Structures are given as structure tokens and as C-alpha cells.
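First subunit A sits with subunit B, and in the next complex the same chain sits with subunit C.
And then the complex of A and B:
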């Protein structure tokens, strides 16, 4: 299997190179034969890559432990779906997975555009072919997942090391694929942007074509980030969900620039403005995915997630520099042609609000990038290695986030081109009143923490604007079309998915901010307890009752039991546990794992993590965390996903034709 | 034409102020938010400079040196980088990926002849790939 896969991978290189040059010819000459030839080469390439991935999965399932990758990430006792997940569990496999997703996107793209005879599409394929070539080179010369272990045939290697037990979690099955779908998805808008620059066809066609692709990538990046946060919270993070680790930042930066693009593209569509800016955002989003990948895979930035130092950093850096040089070069070359004749009419216009929102989003991306790469710059310039931790990111991102939150409410409410002061007063009367009420209530009854009060105030403001927008739309339908409330609501959203789906996304963002605000009141403490001993944290009293062990051939589970009282009233029980996974390799020590216990509620989560224990003496060391409002993050995430799905929902054909 | 120019100048100012605000925010926040990140070798080479400040210390756990007091969640172990080693004391939550030879980053200060860590970070399990050549070869020998 691995020999066949290796052959297929080798064949991909000439195919990719051929598709690259053939697509340039197709773009230059506009001859159908060159275009078809490119499509045939690409089809073969895509089939070969899919086959390689399928063969690697086959090797993982069958257990070909003489292959280095299979040996490292599977063993005979692992459940089947974790064996499949091992495809993206390690460096080499994840790169093949990256290429596979790119090919998957390209298959859809090629199918959709197979009859496209515009000058744009061949150059889209040129750009994507270049990315494919890079990944094939990487796989062939630096990170081949089909490599075998030379001495394996001599004996041994009957079984593999297996995917680390800590990763044998359902998040491993869904989180990395979502992130990769987001990362790789940024390639398609980038390819269209480059195609527009290369071909000089800089009207709005490319922008219209990439809106859904960008939204798709953004959608998966959002899911990936949320799942990562949830995984950290439930399994790995000791009660935290975001640590500003370079890998997290790598996924967050393109999310920010793609968010900016999704807003500013509306201005290009409506007013034919910000064409240079949009092009920069599209190029930047892809460049940031490469930068993040380079930083974390090269090992030059210290990260909890970092891969082992390897040669692929050099490959990524070369490709990154090449991408920046080529894209910036073409951008400068086409700058004059990209400039828009329209200008902003007023500071009080939707365009201005969106522009400000864009500046803040890109500013946020710059702030995160700066914090992430500053250690590298410091080492290169001053020879001093430093580490930038969460305090920097929290201090910088709190004000930036709050401004963004406020703009979430302002932007959609202002009219295009110009809004008079009178209109502004009328539009924002109720939202401002709501914000003031929330501010007063929060200060009097909840907290005087300035960032939290500001956050809640702005949340109130944005919620009021969303409510008013829905109310206005529903009332108009109810009066004009004599529809009932629910019918009006559903039709309102269905007739204008982009606008009202967008408001649901904004509602999700508000809930996320409520959840983030709760972090200001997080309380945590570690306790050493004997059986029967009780302690207090906030309004909770908890007593350690006992610890029990459950042994199976593959693991030992030590489960502790706690009785909990809230305000001295019996409340619940908690069962945090420690697991020792036996290694399949003789002589290797067991791998410990922590199974936290979370008592969730809309007010606050009560979080227990068993740190260590002495079973014979019935003593334990436990970490207890009171995490206010965390649930709003996950609910907000669900609304964000729901809203995006509404925005992405395909329009009925007849309406498509009309709008086209 | 003049009015148009005035309008554009307003936007340049708006963007300028936004950029200025960002630069001020970044430059004022950064100096108070960083820690030196040193390998055990670098820490020991310039010990006088770093001994009284909180730093991040990177190294690998010396195999066989981990002593755990489970009752009190106290950990004593040594970390090494090249030829330099350091005794470490830590009390608190230990990542599950912590074990012999694990790559760790410790945050803490030097006290009473040892590095007292207040936070231990061990490489995420997903990424602790080893260089294949040597460990696998050794394992083959032991299995044979």
C-alpha cells in the first residue's frame, strides 16, 4: 500500500507542475484545449492525492507498524476512529491531510467552474497548482508519511506506540479537521485575488465569487477555534479555554482578517469602494495562515503545541517569502487599476463604520501577530530570547475587543452614504437608553469592574440594535403582507439571509463577550484534603468523600467523590478522576490523564480537577475553579455557527437568477 | 474639489489616530508583559543577571529524577539542556504530558539553591514527536 502511495505522490509532482504551466497558457491564449488539459491534469492530481490519503488510512487501520508514521500514531488496541484520526495526529500525516482538503475544495471549485471561459479562472488554477506543488514537495522531500523504518524488517515493531491517550478524545476527531478546513479554505479566496491581479480583471467578479468561499473558511475557522477552546476547557486547560499560545494565535489571526473582509466586501459590492483594501485583506488572510503554520511547525516559537523542530520550517519560510513577494509585487503592479473613483461621503455613514470596524479588526490581528513574533524579533535583533504571555494579549485585546463590540451595534444601524445627526438620534435612542440601563444595573447589582461594566453596557447596546432591527422588519411584514409573527420572522430571515443571519452572528458575538467578561471573576484554588475533610470556595463547600480505583488491562481509573453544598444547602456531587493509561510498548511508564468534572450552570461553572492522590492514605490534591458565565461562550458559539449557516444557505435558483 | 480634499484629510486623520492608538497600546503594554526565556545553559551562564527575576526556563526532565509527593502535589526533579542541569521544586497542577525527558518550560525564580517554579508547561501531547533515528534504533535492540 505504502509503495503504491509513494508512487502516486511522486506522480503528483509532474502533474502539478504541468497543471501550473498549462493553466498559465490557458489564461494567456484563452484556448479551450489548454483549459481542458489543465482540468484533466488537476483531476488526476486530485484523484491521486485522495488515493494517497485513503492508502494512509488503510495503513493506519491495518497496522503497518514498520511505517514510521503508523508506528508513532497507532497501536493495535486503538479504536478504529482514532486510527483514522491519526491521519492528522502527526506532522507528516497532517500535511497530507492539508493537501487532501485543498484538493477537496478544488474538486468542488473545478466542478462549479468547469464551463467557465473567463480569463480569471485559469489563473485561479495556476495559484492553486503552485500551492499544491509546494505541499507535494514538502511531503516528498521533508515529511513523507509513507516512510518506512529501515530496521523494522529485522524484527520488533509488532505494535505501535499509539496516539497519545490524551488525544484519544472525540475532540481529536472534529477539532483538527475543522481548523484545517478553515486554514486551507483561505487558499481559494487568495487564488481568486491572485488571479484578478495576474489577469488584470479587477472588476467585482472575483469578489462576488469568493464571498461564499471566504465565509466557508471563516465558518470552519470559527468552529475550529471554538472546539479548541472547549477541548482546552474540558480536557487540557485546567479551567481555562484560551491561553494565547502561538498555535491558537495562528488560527485567530486569519479569522480576524477574514472577518474584516466579510464586512468590507459589502462596501465593494454596494459602493465599488475599498478595492485595494479588500485585495490586501484576502492576500493577508492566506499569508497569515502560512505565517502561523511556519511559526508553529518550524519550532522557532515556543508553543505548547509546537511540533518537533524539523526541516519543514525552511520550506515553509521559503514558500512564505515567495508568496509575499509575488502577491505584493502584483498588488503594486496593479495598484493604479485597483483604485476606486468613489470616496466616502460622510464620517457618519455605514461605509465609515465598516471601515473603522476593519481598522480595528486588522489592528487586532497586528497586535496578536506582534505579540506572537516579538520573541523571534527580539532574539534576532538583540540576541535575547523572551516570552510574551497572556498579560500582554489580555491588556491589548480587551480595549480592542470592546471597541469592536460597540461597532457591532453601530455599523448595521447607520445608513449608507450619509446619516444626519437627527437620524442618528432617532436610530440610537433606544439602544443608548438600554445601554445606560444595563450600565446602571450592572454597577449597582453586580460589579464595578470597569472592563466588565463596559462590556455589559456595550452588549446591552448591541442586543437592543439587533432587537430593533428584527422588530422593524417583522412589523413591516406583518402590516404590509398581513403575515403572522412567526411567518413574518421566518420569511424575513429567508428573504434576506445575509442581513438577518448576520445579526444572529452578532448575537452570538454578544454572548461570547458576556462569557469572556466572566473571566474577570474567575476564582481558583488548590486544596489538599483527607477523606471526610471539607473546604470552602466562595459560596460552595465541598467535602472529599473517597477515592476508588477501577482497573482494566489498558488503564487504571482513580475516581474521587465530592459532596457539594451551595450556600450551606446540599447542591451536587463531583467525580473528578485521574487515569493511568498503560503503554503498549514494554518498559514504557503509563501515561497519566485527567478527567475533570464540571458542574455547569448559566451563572457559573464549578470545576474540579484531581491533581494527585494517595490511594492508600485516602488523601488528594484537588484544584477547584469557579468560572462565571462560561456557558455563554459555548451558546454564543452555537449562535455564531447558526447565523453563518443562515448566511451561507443557498438561495433558491429563481432568486439567484433575479439577483444576478 | 477643496471640500473633497478636506474630507479625505479627515479620513487620513482618522486612520492616523487609529494607528497611533494601536502603536501606543502595543508599545506601552509590551515592556510590562514579557519574561526572559532561557535554556538551562543560558540561565546558568548568566546566572547573576537572572537569579533575582522571574524567568521562563526551558529544558528536558532528567530521567529518573522525578520525586512526587502525591499528598501535597509537590514535585522535585531536574531539568537539563546540553551539559547544564538545574534542580527544580514545584507545587501544584502538573500537566499530564510531564514525564521523564519531557520538554518543559518552567516559570519561576531561583530560591535556596533550586529553581522554584510556579507554573510548568509541558509540550502538548499532539506534538511530542521524537526524532525517529535514535530512539527507535535503541528500542529495536532492546526488543531483540
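And then the complex of A and C:
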């Protein structure tokens, strides 16, 4: 099967090149024959890539260990779903997975636009073909997952090394696919943006078409980032959920620019403004996904998450530079056509608030990018690799985040076009009063930590604005249409999913910020303990009771038991464990894994990670962390997902009603 | 396996070439928004939507009565202008169709 897959992958190269030139020809000549031929080429390409992925999964399941990829990432003892997940567990497979998702998106795109005869669409396919060609080249010449191990037939490859134990977790099955769906999803808006620039069709058609695509990509990026945070928290055993690691930053940067676009595109749709800015955001979001992948996959920045690095940096850098040059070139070429005839009516308008929110979001993306590439730049300029790490990010991103949080509340409360100062005073009366109350209560009863007080104050402000927006909308419906409360609420949301779904997303953001604020009070300590020995951390006392060792041919599990007292009252037990996964390759050392124990509550999490067990000394090293308010992050994430789903909910075409 | 692959290549090549030798249609791709009627209709819809949003902002107390009056008058004026242009464009289009 790997031979057929290899053949098909090779055939995809001329097919992609054909689709690229045929689509240009279709756009240039406007002949439907060329367009149809492009669609057929793309259909064949998509089928072949799907087949390649299916065949690779087949190889992983059957256990063809003479193939380098199968040998490296599976072994005979791995459960079936991890064998399937190994498709994206390593470098070469993840690149094929990337291409497969792109093809999946393209299949949907082509199906949706099968009757589209506009001159824009061929150039969309041109851009996507270029991306496909790049990935096929990468797979064929730098990272072929179907490569076999030379001389493997001589023996010694009866079993594989197996997937990294850190990846043998259910998150592995859902986190990378959602992140990739987000990353790759940015290709479609980029393709439409490029098509608009190439064809010169710079009206709002392309913007309307990409709104849902961008939202889809943003949705999956959000889920991917949240699952990544949850994975880090539950599996990596370091006690946190976000470390400003380059891999995390790579996924965060396009999320920020896509968030900016989702706000500013509303202004283009409503006021026909910010055309250049929106185009820049679309191009930038895709370029940032490439930059992030280049930074983390090339190995030029080190990351604890880089499970898949190899020598593909040169390819990515070349493609990245080419993408920047071509997209910026076309942008400059079409700049005059993109200029807007409309201007802002007032500085006190929702347009201005959105613009400010955009500047802060893009500023945040630039700050993250700078922090990520700084070690590379410092090494290139001064010859010393300086890692700036979380202190830099926390210092820069906390104020930026707080400004964004505040704007989350301000934007929706201001009218489109123009608001007077008097009106602003009236509109913001209750939210400001709520914010002051929260500020006082936090300072008196909880903390005087300036960032936390500010965060809670702004959270109170935003919550009040969301409440008021819903309240006013419901009241208008109840009064004007004589609807009951629940009917008015449901219809309010259904009549304007974008606005009221967006507020639910904002509510999720508020909960996320409450969760982030808890990090200011995080307490952590590592202890060396013998059985029966007790220690104290904050209001918790814990005693190491015993350790049980469970040995199987594939792994050794060391499960410790702790008794916990809270304020000297019996509270709970904890069972953190350390696992040593035996390699199936003779002579290879076992790979360690951690099974953390988390006692969750809405106030704080009590977190135990067993770091090591010294059998000779009969002592353990354990990390204990008290993590306040972490649960709000996961609940906030759920609201963010719920709100986005409401916004994405299909709207009947006939509906024209915009407001409540 | 090689034979299967050769068959796939031949079948794909025929598929790609099929639109050229079948020549079922002489249709061309079209510039969907090049026509002024489409452009003006879109402008009109945007302006009507702006009026609805302004009304809602006024009802929810985000716009003062004075601002509401002046903004609504301004958007209404623009809408009337666009509708006049649209009427003219429609008439021109009908005239052209009749002459054809």
C-alpha cells in the first residue's frame, strides 16, 4: 500500500501544477472549459490526498515497521486510536495531515461554489493550488511519510518505537486536529483575499464569502488553544496551562489577527470602510500561521511542545518569503482600488471602538511575535541565544489583555456612526457603577494586587454591559411585540446571532480573564518526602502515605497516595502517578510520563505531580501547586465555543431583519 | 500496483481533458458585480440596514434624540439618492433589453 500511496503523492505534484496554471488560464480567458478542467484536477488531487492519508493510516494500523514513519511513531502494543492518531503525531505525517485538511476544506469550498461562475473563484483555486504544491513538494523532497528504512528487510524492525508517551493521551486525538483545522482554515480567507487582489474584484463579495470561513478557522483555533492549555495542565505535569512557548504562540498569533478581522469586517460590510486593513489582516493571519509553523518546525526556536522537528525550515522559509512578497506586491498594486470613500463620522462611534480594538489585537500579535523570534534575532546579531520567556510576555501581555477586556465592554455600548458625550454618560452609568463596586469589593475582601483588581473591575464592567444589552433587547421585544420573556430572549438571539452570540463569546472571555487573574496567587513547591512524612503549602497539609508499583510488560506505574487536610480538617486523598513506558526496542531506556492528580473547585485547584521515585532511598519528589480560579478558564472556553456556534448558526436566506 | 497507478493516471488525464473535447457549452465566467444595478441594489440594502440599526440603537438609548434625527435624515437622504440612481439604472437596463 505504501508503494501506491507514494505513486499517488508523486502524481499530485503535476496535478497541482496543472490545476495552478489551468485556474490562471480560467481566470484570464474566462473560459468555462478551463475552469471545469481545474475543478476536475482539484477533485482528483483531493481524492488522491485522501487516499494517501487513508493508506498511511492503514500502514500504521497494520504495523509496517520497515517504514520509517510507522517505526518511529507506533508499536504493536499501542491501542488502535493512538495508532490512527500517530498520523499527526510526527513531522511527516502531520504535514500530510495538513494537506489532507486543506483538501477537506477545498472539497467543501468547491461543493459550495459548484455553480459559481464568477471570475473570482478561479483565482481562489490558483492560490490554494500554490499552497497544495508547496506541501506536496515538502512531502516528496523533505518529509515523505512513506519512506522505508534502508536494509529494513535484513531484520531488527519487527516492532516500532511507539508514540511519545506524552502524546498517548486522549487530547492527542482531538487537540492537534482542531488546531490544524484552525491553522489550515486560514488558507481559505487568504485564498479569497489573494483572488480579490489578483482579479481586481475588490468589492465586498470576497469579504462576505470569507466571513464564515474565518469564523470556522477562528473557532477551531480557539478550541485548539483551549485543549492545548488543558493538555499542558493535565499531562505535562508542570502545574500550569500556558507557558508562552513558541508552539503555543504560533497558534495564538493568527487567533489574535483573526479576532481583529472578525470585528473589522463588520465595518467593511456596514460602512464600506477599512478595506485595506481587512485585506492586511487576512493576509497576515495566513502569513502568521506559516511563520509559526516555520519557527517551531525548523528547530530555530526550541519548544517543549515540539514533538515533530526536522530539516524543513528552508522550504518553509522560502515559501514564507514568497508568500509575503507576492501578497504584499499585489496589495501595493491594488492599493488605489482598495481606498475607501467613507470616513469615520465621529471619534465616539462603534467604528472607532472596533478600530481601537483592532490596533490592540494586532499590537498583541506583534508583541507575541517579537517575544517568539527575539531569541533567534539575538543569536543572529550578537551570537548569544537569549530566551526571554514568560516574564516578558506577562509584562507586555497583561496590560494589552486588560485594554482588550475593557474594549470588549465599551464597543457594544456605543452606537454606530456617532454618540454624544451626554449619551455616553447615560449608557455607561450602570456598567461604570458596577465596575466601581467590583473594584471596592475586590480591594476590601480579596486582594490589592493591582493587575487582579483591574482585571476584576473590567470583568464587572463587561458583565454589566452584556447584561444591559440583553436586557434592553428583551425589553424592546416584550414591549413592541408583546412577547413573553423567554420567547423574547430566544427570538432576540435568533434574529441577530452575530450580535448576541458575540456577547456570549464576550461572556466567555470575561470568565477566561477571571481564570487568568488567579495565576497571580498561584503557589507551588517541590517536596522530597518519605512515607509518613507531612508538609504544608498554604492552608493545605498533605502526608505521603505510600507508593504502589504496578509492573506490566509495557509499562511500570508508580502510584503514590497522599492524605490531605485543609485548615487542619481532613479534606481529601490524592493519587499522582509516574509511568515508565518500556520501549519495544531492546536496549532503549523507558520513556517517562506523568499522571497528575487535580482536586478541582471553583475557588482553587490543588494539583499534585509525582516527579520521581527513588526506590533505593524510598523517597519521592512531588510538585504541589495551589492554582486559584483555573476552572473559570475551562468554563469560559465552553461559553466561547457556545457563542461562536450561535454566531455560525446558518441563517435563512430570506431573513432581512437585522435588529431586535 | 504499477499497473493500477498507470490506469489512474490515464483516467485522470482523460478527466482533465474532457471539458475540452466535449465542448458542451460556450459559457464564460462572469463579473458578477460589474453591473451598476447589482452595485446600487447592494448599496440600497446596506443603507436600509443602517436605518434599522440606527433605530435599534435609538430604542436601546445609545443615540440621543438630536443625533438620531440628524443621522436618520442623512442616511435617508443617501438612500433616496441611491434609489433614484437605481431606478435610472433599471430603466436604462430595460431600454437596452427592449432594443435587443
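Following the convention adopted for this analysis, the second predicted complex is superposed on the first by the 641 of 660 C-alpha atoms of A that agree within 3 Å, B and C clash if a C-alpha of one lies under 4 Å from a C-alpha of the other, contacts with A are read in each partner's own complex, and residues count from 1 in each chain.
Going forward, a residue touches a chain if its C-beta (ideal position, glycine included) is under 8 Å from a C-beta of that chain, and two chains touch if they have at least 3 such contacts.
Note that the structure is predicted; figures quoted are calculated from it, not measured.
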Is the arrangement of subunit B and subunit C around the shared subunit A a clash or a fit after superposition? fit
Touch test for A:484: subunit B only (first), subunit C only (second), both, or neither? neither
Contacts for A:370 in the overlay, against subunit B (first) and subunit C (second): which applies, first, second, both or neither? first
Would you check which partner chain A:33 touches, where first means subunit B only, second means subunit C only, and both and neither mean what they say? second
Count the residues of subunit A touched by subunit B and by subunit C, then name the partner with the higher count. B
Vertex at subunit A, arms to subunit B and subunit C: angle between C-alpha centres to the nearest 10°? 140
Return first, second, both or neither, reflecting whether A:532 touches subunit B, subunit C, both chains, or no partner chain. neither
Which holds for A:117: it touches subunit B only (first), subunit C only (second), both, or neither? second
In the overlaid three-chain picture, which partner chain does A:611 touch, first (subunit B) or second (subunit C), both, or neither? first
For A:91, select first, second, both or neither according to whether it touches subunit B, subunit C, the two together, or no partner. first
Once the structures are superposed on A, label A:570 by its partner contacts, choosing first (subunit B), second (subunit C), both or neither. neither
If you've got the overlay open, could you tell me the nearest Cα approach between subunit B and subunit C in whole angstrom? 17
Starting from the residues of subunit A touching subunit B, keep only those that also touch subunit C in the other complex, and list them. 345
Subunit B residues within the subunit A interface of the complex: 4, 7-8, 10-11, 14-15, 18-19, 22, 25-26, 29-30, 32-38, 42, 56, 58, 68, 70-73, 92-94, 96-97, 99-100, 105, 121-132, 136-137, 139-140, 142-144
Interface residues, subunit C side, partner subunit A - complex: 1-2, 4-5, 8-9, 12, 15-20, 23, 25-33, 39, 42, 46, 49-50, 52-57, 59-64, 66-67, 71
List the residues on subunit A that touch subunit C in their complex, please. 3-4, 7-8, 11, 15, 18, 22, 26-27, 30-37, 40-41, 44, 117-119, 121-122, 201, 203-205, 269-270, 272, 345, 413-420, 422-423, 426-427, 469, 472-473, 476, 657-660
Flag every residue of subunit A that touches subunit B in the complex, lowest number first. 68, 71-72, 89-91, 149, 151-152, 154-157, 164, 166-167, 172, 236, 238, 302, 304-308, 343-345, 347, 355-356, 359-360, 363, 366-367, 370-371, 374-375, 384-389, 391-392, 395-396, 399-400, 526, 528, 585-587, 589, 591-594, 609, 611-614, 617, 619, 621, 623
